[in-house]
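So, here's a batch of structures to check.
After this come two complexes, each holding subunit A, first together with subunit B and then together with subunit C.
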Partner chain A sequence: MIYYTRVFLLSAKVQLLEVTASLFMLFNALLQPFFIAVTAIYMLRNQPGFEPVYVVVGAGLSGLFAVTLFTGSNAASRERYQGNLELLEASPAPLMVIMGGKMGANMVLALTSMVVTYVVGAGLFQYPITPDQPISFTVSLLMALFSLWAMGMVFAPLSILWPPVEQFLGGLEYPVFILCGFLFPVALLPGWFLPFSYALPPYWAARALQGSSLGTLQFGDIVLAWLILLATSGVLLVMAAILFRIFLRLARRKGTLGFV
Partner chain B sequence: MEGGMSAIELEMVRHVFRVTTGTIRRRSKEIVALDAISLQIEEGELFGLLGPNGAGKTTAVKILTTLLIPTAGRVTVLGHDAVKDAAFLRSQVGFVLGGERGLYYRLSGRDNLRYFAELYGIEPKKIHSRIEAMLELVGLGDRAEERVAGYSRGMKQRLHIARTLLHEPKVLFLDEPTLGLDPVGARDLREIIKRLQSEGKTILLTTHYMFEADALCQRIAILNEGRIVAQGTPQELKELVSDLSVVELEVFGAEPKHLDRLRALDFVDSVAIESHELRQVLRVQTTLGDRAVPGLLASLDDLDVGRVSVREATLEDAYVHLVGGAE
Partner chain C sequence: MRVFLASAYYGYRALFFWETPTVYLVQRLLLPLSGMAFFSLIGLSGGSQPLEFYLVGNAMVIASLSGFTIAGVITAERNLGTLIYLIGSPANRLALFFGRAAVHVAESAVFVVVGFGWAILVFGLDLPLSTWPGILLTIAVGTLAVSGLGLLLGAVAYVFLDSLVLGNVMIFTLLLASGANIPLSELPPALSFLGEALPLTRSIEAARALAAGGEFTASLPLLLQDLAVGLGYALVGFILFSWIEVVARRRGTLENM
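This part shows the complex of A and B:
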């Protein structure tokens, strides 16, 4: 266990050093949420019932999800491109633990998107951005990060076998923003969309974060969202473990661990 | 490892890659990278695997390092099956795949080593001393704090060697480790390889350089188009061409038709060409020795021919003889 923890933490450190030098990732974590927050505030601020906290949290979530999607789906491709995927797989450390550490570092980077959107709302537009239930909000944020990390762990093994998968997964970015109610309540969507929303962990992350920041949800409802996040994250991690196992074996048969 | 067992054994190993092309009309074809090869490498031996590009050398190394599962055949390293016991073997073997990739460029050399030391589960209290020892071995102690991005190719290659030795592997796989290095860097690396062998490591070395294989390896296998075409000590391989001499002709403007003309001569065994800007050197293997020269010159009467020399065949000539000038 200590060995796995050390591998996880050092992999996270290595990834943090690598990813903070990537302009594309910095765009996803810093600039994209900035533009989304500014645009959404301009669009919505004269609407009745406008809640700046809702926009700030939603725009922050969009940055969190964008980083999860892109870093998760190119996790293996990036290592492969650098010639490191074979070295990592050939080491005694399980690749899932290594990738887990790297995705953990990506979530730390992603968290900066929340800071950016807070600065936009509180600093640039001078809105009072204070969560109604600070403790619930903090727990919700941690749960959201854990859940998105688990989601990234499902994306990570896909590119071990199919390097172009990141291009296809990139197309999920805006549909998820909409389906999960990051910037507009899902109640605005046709009813038949809702089952898709409920099946996505980011929907529950958005619900818990927005409910605790606006005070529109009872504590019991927030706890329910946390439990669903925990349960779906557990399912995602089991799926990730299975995918890593199957895809690594297939990649070793096809020879796709090296440069392809 | 059980007594009397070889350190590395390949038994009828075959690997086929399936390559697909096209987007709408998908076409796939099979490429046989290894075609039923068998070989045994003894404990403490430095064994060379030679062959032209695409011969299957890297495929063999990847199978032996558990990165590739062979299509058929059996592979054992230190008596353990490389497919079934992959998890165990990973802590017992080390490998260097040639080239500059395979390092974290934004980290320092020392941080790269520290990361891999952790991945290989080296005891935390021993990590520092192991890293220092490896940096000293490869002569990177004074540059260890610098980012790898600023390292020369030779330094990166030495860092690869340090990385692969961190966990004290019993068996080493070195895939073209001196490729692209300057002569001094390559010589230093060969000295390190010799030293590792003298310490009792079993080493499989793949290389393009015959003199390197001749100088370092106790035994050599020559691989061509996925098959082992010859195997033995460097001396045994040289003896395969002991009845041949090599006529070297310096020419200007040689074309494929000239090579075909030479190959058509009944006293010519093989012809290889080496280009040097404006001139080329034709290496003609023949059983006639210097008596072949007039016939060769007559076949090249429309070319400017410069220096002509005749010499005994070397290991490189044995290699050309066996792979048919495939490079």
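This part shows the complex of A and C:
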């Protein structure tokens, strides 16, 4: 266990150094949520029941998801492009633990999205940004990070097994923002969209975070969202383990681990 | 002309050499159409304007795709190691530089039309047939104008080295300050001033006026102004491109990554 933890942390440290040097990832974590928060506040601030916390949380979630999407989909393929994938696989450390550390570091970067949107709401626009249920909000944020981490763990082997998936995932940014109701209620969407929303962990993350920050959800409903996040994360991690095994088996059999 | 056409053709093809048709459609259509839906739905949920305002504004912002891809051409050339050959060639720089924008402009204009079609089919935007000729011309002008900014960003990418970030900043700045989502009168003076300085702002205004049944002649001055703004950006871009090329040759930094 100590060994795995050490590998996880070392991998996270290296990834954190790398990802914070990437302008594109910094854009996704810092600038994109900044722009979305500012634009949405200017669009919505004149409505009678305007809740700045809702925009701050929603725009922050957009940054969290964007970082997960892009870092997750290139977590393994980037190692391949850099010629490290064969070395990583040959090392005694399990590839999934190494990727887990990388995604952990990506989540640390993603978390800065929330800080940026908080600064936009509280600093730039001078709104009082205080969650109605701080403890529930904190737990919801941790649950959201865990579920997004698990999503990233599925994206990593997927984009290696089917390379077009990496580009395809890049196009799913806004559809997920829409389906998960980051900045408007999903009730605005046609009813047949709802099953898709319910199947996406970010929808439950948004529900728990917005419900606990606005105080619009009962504690029982927030706990339900947490349980669904835990369950879907578990399913995603099992899927990730299976995909990593398939990927490594195929790569060894075909000798294509280092192919770009 | 030959250099212009070759530059247009290869500048486009080379950028998409890695794409499959599915990925192309996802990246070039799903992303802008879903982005348009996202901001329009935010507006619908509590914006101060009617849904048509957001649909027309965000459909026009799809034109920024041209600026985004044009800005990416220089970075792509450098990453592929072909920039030194391009610069080393005796080809006319003006034809080379503007040729790279040609196909992207046409393609993006088509995508804006698709965006309007999407707004009509999915969101029920009412655009009478009589408004289409004016709207089509507005789309052409808006796309050309924003391409000028793309050419400038492409030149800046020589120094800044990341056109992807520059292109994204351009798109989000347009979403915020061009009047696509927020009337300029509701923005603070600095952002409103920025909006006036951006290309596309006046084309968006013209498209809204035309969609509401306004006379084309009334929108013509707006379109001419937008064209002039776009041309201004393109000329500054070309001058910057030429200057940076000379400096990069002198210092041997053409392929700096």
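Throughout what follows, the second predicted complex is superposed on the first by the 254 of 260 C-alpha atoms of A that agree within 3 Å, B and C clash if a C-alpha of one lies under 4 Å from a C-alpha of the other, contacts with A are read in each partner's own complex, and residues count from 1 in each chain.
Following the convention adopted for this analysis, a residue touches a chain if its C-beta (ideal position, glycine included) is under 8 Å from a C-beta of that chain, and two chains touch if they have at least 3 such contacts.
Computed from a predicted model, the values in this text were never measured in an experiment.
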- request: Sticking to the clash and touch definitions up top, decide whether subunit B and subunit C on subunit A clash or fit.
  value: fit
- prompt: Between subunit B (first) and subunit C (second), which, if any, makes contact with A:130: first, second, both or neither?
  reply: neither
Message: Just checking: does A:31 make contact with subunit B only, subunit C only, both, or neither of them? Give me first, second, both or neither.
response: second
Message: Is A:84 touching anything from subunit B or subunit C once the two structures are fitted on A? First, second, both or neither.
response: first
- request: Go through the superposed model and pick first if A:46 touches only subunit B, second if only subunit C, both, or neither.
  value: second
Query: So, A:5: does it touch subunit B (first), subunit C (second), both, or neither?
result: neither
Query: Is A:23 in contact with subunit B, with subunit C, with both, or with neither (first, second, both, neither)?
result: second
- request: Considering only the touch criterion stated at the top, classify A:167 as touching first (subunit B), second (subunit C), both, or neither.
  value: second
Message: Taking the superposition on A as described, I'd like to know which of subunit B and subunit C A:175 touches: first, second, both or neither.
response: second
- request: Please work out how little space separates the C-alpha atoms of subunit B and subunit C at their nearest point after superposition, in whole Å.
  value: 6
Task: Enumerate the residues of subunit A that count as touching subunit B in its complex and touching subunit C in the other.
output: none
- request: State the interface residues of subunit A toward subunit B in the complex, per the touch definition above.
  value: 3, 6-7, 10-11, 14, 17-18, 21, 82-84, 86-93, 98, 249, 252-255, 257-259
Task: Please give the residue numbers of subunit A that touch subunit C in the complex, ascending.
output: 23-24, 27, 31-32, 35-36, 38-40, 42-44, 46-47, 49-50, 164, 167-168, 170-175, 177-178, 183-185, 188-189
Statement: So, in the complex, the side of subunit B touching subunit A is made of residues 17-18, 59, 62, 65-69, 87, 90-91, 95, 97, 99, 101-107, 111, 114-116, 118-121, 124, 163
- line: Residue positions on subunit C within touch of subunit A in the complex are 18-20, 22-23, 26-27, 30-31, 34-35, 37-39, 41-48, 162, 164-165, 168-169, 172-173, 175-176, 181-182, 186-187
